[in-house]
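Submitted below is the structure of interest, expressed as C-alpha cells.
First chain written, first letter: the chains are A, B and C, and each begins at residue 1.
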Amino acid sequence: MPRSIQINESGELVHLLTTEGIPKALMLRILDRAKAFLDPKNPKEVVNAPLLDGKSVFNLFFENSTRTRTTFEIAAKRLSADVVNLNVQASSTAKGESLLDTIDNLAAMKADMFVVRHGQSGAPTLIAKHINKVAPHIRIMNAGDGRHAHPTQALLDAFTIRHFKGDFQHLRVAIVGDILHSRVARSNIHALTTLGVPEIRAIGPRTLLPSGLKELGLQVYTDLSEGLRDVDVILTLRLQNERMRGAMLPSTQEYFKNYGLTADRLSVAKPDAIVMHPGPMNRGVEIDSAVADGSQSVILSQVTFGIAVRMAVMSMLAEARH
Amino acid sequence: MPRSIQINESGELVHLLTTEGIPKALMLRILDRAKAFLDPKNPKEVVNAPLLDGKSVFNLFFENSTRTRTTFEIAAKRLSADVVNLNVQASSTAKGESLLDTIDNLAAMKADMFVVRHGQSGAPTLIAKHINKVAPHIRIMNAGDGRHAHPTQALLDAFTIRHFKGDFQHLRVAIVGDILHSRVARSNIHALTTLGVPEIRAIGPRTLLPSGLKELGLQVYTDLSEGLRDVDVILTLRLQNERMRGAMLPSTQEYFKNYGLTADRLSVAKPDAIVMHPGPMNRGVEIDSAVADGSQSVILSQVTFGIAVRMAVMSMLAEARH
Amino acid sequence: MPRSIQINESGELVHLLTTEGIPKALMLRILDRAKAFLDPKNPKEVVNAPLLDGKSVFNLFFENSTRTRTTFEIAAKRLSADVVNLNVQASSTAKGESLLDTIDNLAAMKADMFVVRHGQSGAPTLIAKHINKVAPHIRIMNAGDGRHAHPTQALLDAFTIRHFKGDFQHLRVAIVGDILHSRVARSNIHALTTLGVPEIRAIGPRTLLPSGLKELGLQVYTDLSEGLRDVDVILTLRLQNERMRGAMLPSTQEYFKNYGLTADRLSVAKPDAIVMHPGPMNRGVEIDSAVADGSQSVILSQVTFGIAVRMAVMSMLAEARH
C-alpha cells in the first residue's frame, strides 16, 4: 500500500486531509467502523464509546463555523475525549504569530488531535507535514480548507449513499451547483470514484464548472433536467452568497429558475432517488422546500451519520501507530 | 391533568416553556426536587448527581447572556451531562438558514436537550412544537424569550421565597420596576399565583405598568412607599438601559429618586421582608447598595438556588416519557 | 511563616496572585509537585490525575487571551475538573455590573476556583480579598494582571530553568526587552531572586527599563552583547506591538538591530545557555528565527512544563484548608 502523508507504512490512516488517494479498502473500513457506532436496533441513534478517554481534541477553527465545529465536538465527546475549542483568528494570529508557531505551541500543550478548519487550501496539509516532524503522535483532521477538501463531509455522504442504496457499484450520482468553488464536490468526486460509483455527473452553469471534470471521469451537464435523468443520488451543493454578489451569477431567482431542485425537476430522476445537501441550505435558491422536506430527502440522516463517521475517523486515527 | 405542549398525558413535564399553566402540584414537585440537590447539612452547597450522564445538553443562545448560559452549563455539568455551547446568532442564521433548519440539524446531531434563549417571544414554544413532531425525545428549556417568559427564574424565585418564608399561603409579594417589558415579572406572576400567594402587588411608573394586571389579580401601585407597606417579599426588577435611552423614562437619577429601593423605603415593609433581584443589578438605579448588600438581601441565595432548580427541571425533563 | 492573602496560617497556598512573598520552600514544593505530573519515563509527557474531580474551575478572562486560557483549561481538565470559560468583557460588565457583583454571582454558582486575567493591575488581588470574606473556599489564580504579575509564567520559567540547569545557585540569568511594561519580568525577578539565582541582569533600551531595578539586586545593561556575556539563561520578552506604535520605540527594525536575539549575539553567552520566551514570539523583532528554532531554544518545553506547573498550583490550592 502506498505510504503518504496521511497513511503510514502499515496502511493505517494517521491524518485525514483529503479523500484523494485513500485506498478503497481503507475507505470502506472507515464506513464500517462508523456503522458500528450506530445502534443496531435503531440506526438513527449514535452510541457512546470511550475510545478517546483521556485524550485531548483541539478544534482549531481559523474560519468560523459553529455547525461544523459542533459536529466534531459532539463526536469527540461521544468518544469521551476532552475537547478544547479555539477560535484561532481571534487569538494568536491576531498578535502576529505565524501559523506554525501557533501549532507548535498547541502541540506542546499535549494535544492528541487537531481538527483544522482554514480558509486557505492546503493549510491542514502544511500543518500535518510540520507535525509529522515535530510531534508525530498528533493527528490532524481536515474540517474544510479553502476550495481544496472536506473529507469528513465526503465520507459521511458516502456512508449515507451506502446506507440507502446498499452499495456503490450500480449508481448514477449527480452533483449539482457551484462545483468550481466546492471542496465538498471535490472530496466527493474522489471518494465516490474510489468506492466504485460507475457514473458521476456534474451539473451546473458553465461559469461554476471547473475544467478537468471530464478528465476525472465525470459527465458534464449544464441542463439540470437532462443531467438528473435516471440518477439514483443527487448531491445538491450550497450556493455561497458571496458568489451571488460577485459577477458570476445574475441573481438567486435566476439561479433557482435554472438550477433549483424542485419536485418537478426531481421527477426525472429515478423514483427512489435520494436527495442530499451538506447544509446549511438556501431554501428557494439551490433547493425548493418541498424537496428539502420531502420523502426523498435524506439531509438530516447525513447529519446523524456525520457524527458516526467523525467518531470512526477519530478512533481510527487514535489507534494508528506513529 | 390537562395535556399541553409542555406536559404529557401522564402529567410529566416534557419541556419548560412558561410557568403559565403548570399545575401547583407539579410546580411543588420541581421545588422539592431542587431541594434534594442541596446538601442537607449545608443548604448553600449544591451536590453533584450523575442523572444526565451520557446525555448532551445544547445551549442555544440566539441572544447573548454569558451569565444565564453559565448557570445552565453548571447545572448540566453537575448532572454529568455533556454541554455544547452555541452562540447561534454568530453562526448558521448569519448564513441565512432558517431557525427550524438550524434546530433540525442540531437535533440530528443527537442532542437530548436544548436550552434556548431568544430575543423573540415565543421562539422556544415554536421550537418545542416542531421538535414534538420531528424529534420528540428532545427536551426544550426556555432560558428567556423576548418579553414572554423566563420560567427558571420564576421557579428559582419561588424556591427562594419558600426557603426563607416557609410557604406561600400568607405572603404579600411586591414586584417593583419595569413590569411592562419584564419576562421575569410575567413568569413570576403566573408561578406565585399558582403557588397560592394571596397578594401580589405591582409597583412602578405608569409608563412601565402593562394593562391587565388587575385582571391577573394584582394590586397596582405607582407609589413605591405605599406599595411596599407590610410586604413580606420584594422582587426588584432590573431596569434595562435601553428603556432609559428611549422616551419612557426621564433619567436614571429620576428613576432612583422615585423607585430605587433604599433602606428608608425598605423600612415600611415587614421587618423580616426579603429583597430579591434577578441580576445583574444596576446599583443606584433600581436598588441602593446598602439594600443590595444588606441583611435582608437574598440575592446571592437566588443564584445558588438557581443551579439546584435548573438541575431539578433538567433531571425531571430527562426522566419524562415521550 | 508569615500569613498573607495568598498563604494561610499553615503556610499553604490558598491563592496564587504573585510570586512576590512566596517562601522559597513553598516555591520549590510547587516545582516538585509539577515534576510529579510529568511522565518519569518521558518528561515531555504530562500525565492525568483526577485530583479536581467534581470541582468547577471558572476561567474569567476580562482580557482576551485564547492561548493562556487554553493552558489553564488543559491543566484543569487533566485534573478532571469541570471547566467553564467566561469571556467576561463581553458579558455582565457590558451591562454595567460591577466587578465584585460579577464575582459574587459566579461564587454563588458554586465555583471552586477562578482563574483571572485582567487588564488592570491588582484586580485578582482585589477579587481574592473579597472572596476571602464572602466565599473563602474559592481559590483565585492570577493569569496575568496589567503590568503587575504573571505568577504561573514565572513558576514555569523557574521549572524550565531547574529542568535544564539542575539548580539556581550558580546561574547568571539575563532578562531582555521591555522590562518596564512586563508582568512576566516582574514575576520572574521575584521568583528567581527567592530561588537563589545569584545574578540577574536586566537588558533593554533605557526607555523600557523601569527605575528601581538595582534596588531589587539586578545588574542593568543597555548594551545587549555586554549584558549577555557568560550568561546561563536568557529570558527574551515579547515586544508589545502597542509600544511600537507609541513614541517609546523608533521601529521594529531598529529594535531588532539593537536588541534582537541573533545567533551572533547568543554566541557571547555560555555555550550551553538556554533561550526562553513566554510567547507568542515576534520573529525578527525580539528574536531571530535561527535562535527561536535553534538547539539552545527551550521555548516549547516551557509550554509543556507550563501545563504541569498549572496542574501543580491548582491541586495544591484545592488541597489547602481555608
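Everything that follows uses one rule, which is that a contact is a pair of C-beta atoms (placed from the backbone, for glycine too) under 8 Å apart; a residue touches a chain by one contact, two chains touch by 3 or more.
What you are looking at is a predicted structure, and each value in this text was computed from that prediction instead of being measured.
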**OP:** Using just the Cα atoms, superpose chain A onto chain B and tell me the rotation angle to the nearest 5°.
**Re:** 120
Original post:
Taking shared residue numbers divided by all residue numbers at the interface, is the value for chain A and chain C over half (same) or under half (different)?
Top reply: different
Original post:
Just curious, how far off is chain C from chain A if you go by their C-alpha centres, in Å?
Top reply: 41
Subject >> chain B residues counted as touching two or more neighbouring chains >> reply: none
Subject >> In the complex with chain C, residue positions of chain A that touch it >> reply: 54, 56, 82, 84, 86-88, 90-92, 95-98, 101-102, 104-110
**OP:** Sort out for me which residues of chain A touch chain B in the complex.
**Re:** 45-46, 48, 64-67, 70-71, 73-74, 77, 241, 279-283, 300-304, 306-307
